[in-house]
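One structure below.
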């Protein structure tokens, strides 16, 4: 993803989150708050947490979630071989049914590397 | 979804259902018949049943199914806060992996409200 | 489930929740709090919300969750045919893979009725 | 499974199905009827259909369903290497998360072979 | 899918597989190798194995995987009623949540038949 | 889990793996080999890899897999707060449907700590 693509992805995500917030009551809002906080620095560093989020997203096969964590992994300085090893675990745990998502994960990663 | 979008969604759904029927034998046809009848008025009203179908679709993360039940909920007169509370249950049961679908659910709902 | 069985189920659940709390930080605790609040009276009554939780649990095939919501449905005065219609939606949405759980759902319901 | 174990498994299944039937209306009953008919002789023989049901049960990770189809595969004369090849597909598609179920599948098969 | 569409689908799949291979180490490469070999001729013929892969893909609801196995089933000479019976098993096991994928499966099949 | 329980868990796992090997051909055997190698030291340390396996197992809700990775995390010296933060991510991604498994995860962890 070049700069423009990344910006577009982030903006669309933001626009839809505002849509959620427009209709959401306390419970959904609190859920979104926890969903952000579990990835913050703690005993485990954000880098490890983003890899955990990435592998969870891969085995559950959610492209939007995968793309988001790929982006965050890149921001946290994850290296090629670290990413590959994490995705290999996801592939083995989740099976060949994750392969179409694995393909798109590596494609997004490659775009980030080219940018 | 404005009138035109709703019509388009319904027509595409119909076109593909005809494709299913073209190749289907008795078992698939009977399945489709049950799939329609479980949402009919019974001890529970259609409104409650559509909310049940919506939450089941959210936790199983099927956009087409979510959109269909969002449309049906709107037709059955579901109110904003009723929809939000049902989706909040789906979000909590199904986790953050449902969020991309939740976003699109609220977006479809918003379009129906604007129409 | 006779009185004794219900008590035992509730106590085991409580014991394990205390185990979770023993090790949990803020995020897990807040998640558990939301998980309780989404079923409270709101625009939708607790009865409807428990049916939503039950169907979500059936299609995701979690016996513990199903048993808990069966118990709560019973407490909220859900009637036989209401339960059956909700479970029928879960069965149709989730498919025959849910049948072993459907069996145990009706068995728990039957025990509650006998108590 | 020796003769006694097989009988026990079948009886428990029957007992719980009667529980389902006790509370079920038309829709659930019709679903159960279709669930039986899709495995009958057609363009595909029952043997192939049981292998299809087995692999679907493995990737969806339902022990009861797996055991039932293992039993049916045995009745239909499936051979060791045919079973192994079908389960290998399920393992690769579904990933290592299916391994605990794969273990129990082979254990049930082994018991049937010893009987 | 006419000739051109089939070619396009295959090329896109190949392009993305190359992307996977660009970043993959030994484990992912060996996984891809097994993923290919489980569908080869053995005690079960490729035709049966492709039907197994198709039904597994349907109940796990992966459009890319479904499309690929539909294509392979067509190459292996699967007949209309054989395909329908396999998909009927997938529909019953996996439930109405598979219907959007079932629609697209029959649409792809229909396109292959027209080609 | 005291020494005896851990030994029992490991022995049962070994016994069933031998059952798998008794019937398995090359593909399943190679899958098991990869399944072991993806957790070996690489660019990521075994500790991180076990946490990845644990979270993947939690969101896919497999008790046997969770217990195994809990045991391995303990062997790799994972600390209480590191485990809690990883499981919190799993809970948020996978939702309340994972709670029964989360309870058993913490229970197994507690038993290992007491041993």
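Quick notes
Should a chain be cited, it is by its letter among A, B, C, D, E and F, assigned in written order, with residues numbered from 1 in that chain.
Operating definition for what follows: a contact is a pair of C-beta atoms (placed from the backbone, for glycine too) under 8 Å apart; a residue touches a chain by one contact, two chains touch by 3 or more.
The structure displayed is predicted, hence computed values, not measured ones.
Rounded to the nearest 5, the angle that brings the Cα atoms of subunit B onto subunit D is 180°. One inter-chain figure worth recording: subunit C and subunit E are separated by 37 Å, centre to centre, where each centre is the mean of the chain's CA atoms. A straight line joining the Cα centres of subunit E and subunit F is 31 Å long.
Annotation: 27 Å between the Cα-based centres of subunit C and subunit D.
In subunit C, the residues that touch at least two other chains are 25, 27, 31, 34-35, 38, 42, 56-57, 59-60, 65, 81, 84-85, 88, 91-94, 96-97.
Chain contact topology: the protein chains form a complete graph, every chain touching every other one. Across the complex, subunit D is touched by residues 61, 80-81, 83-85, 87-88, 91-92, 96-97, 99-100, 102-104, 106-107, 109-110 of subunit C. The touching residues of subunit D, when paired with subunit C in their complex, are 16-17, 19-20, 22-25, 27-28, 31-32, 35, 56-57, 60, 62, 64-65. Remark: subunit D residues 59, 91-98 touch subunit A in the complex. If you check the complex, the residues on subunit F that touch subunit E are 25-27, 30-31, 34, 37-38, 42. Interface residues of subunit F, counted against subunit A in their complex, comprise 34-35, 38-39, 42-44, 48-49, 51-53, 55-57, 59-60, 65, 79, 81-82, 84-86, 88-90, 92-94.
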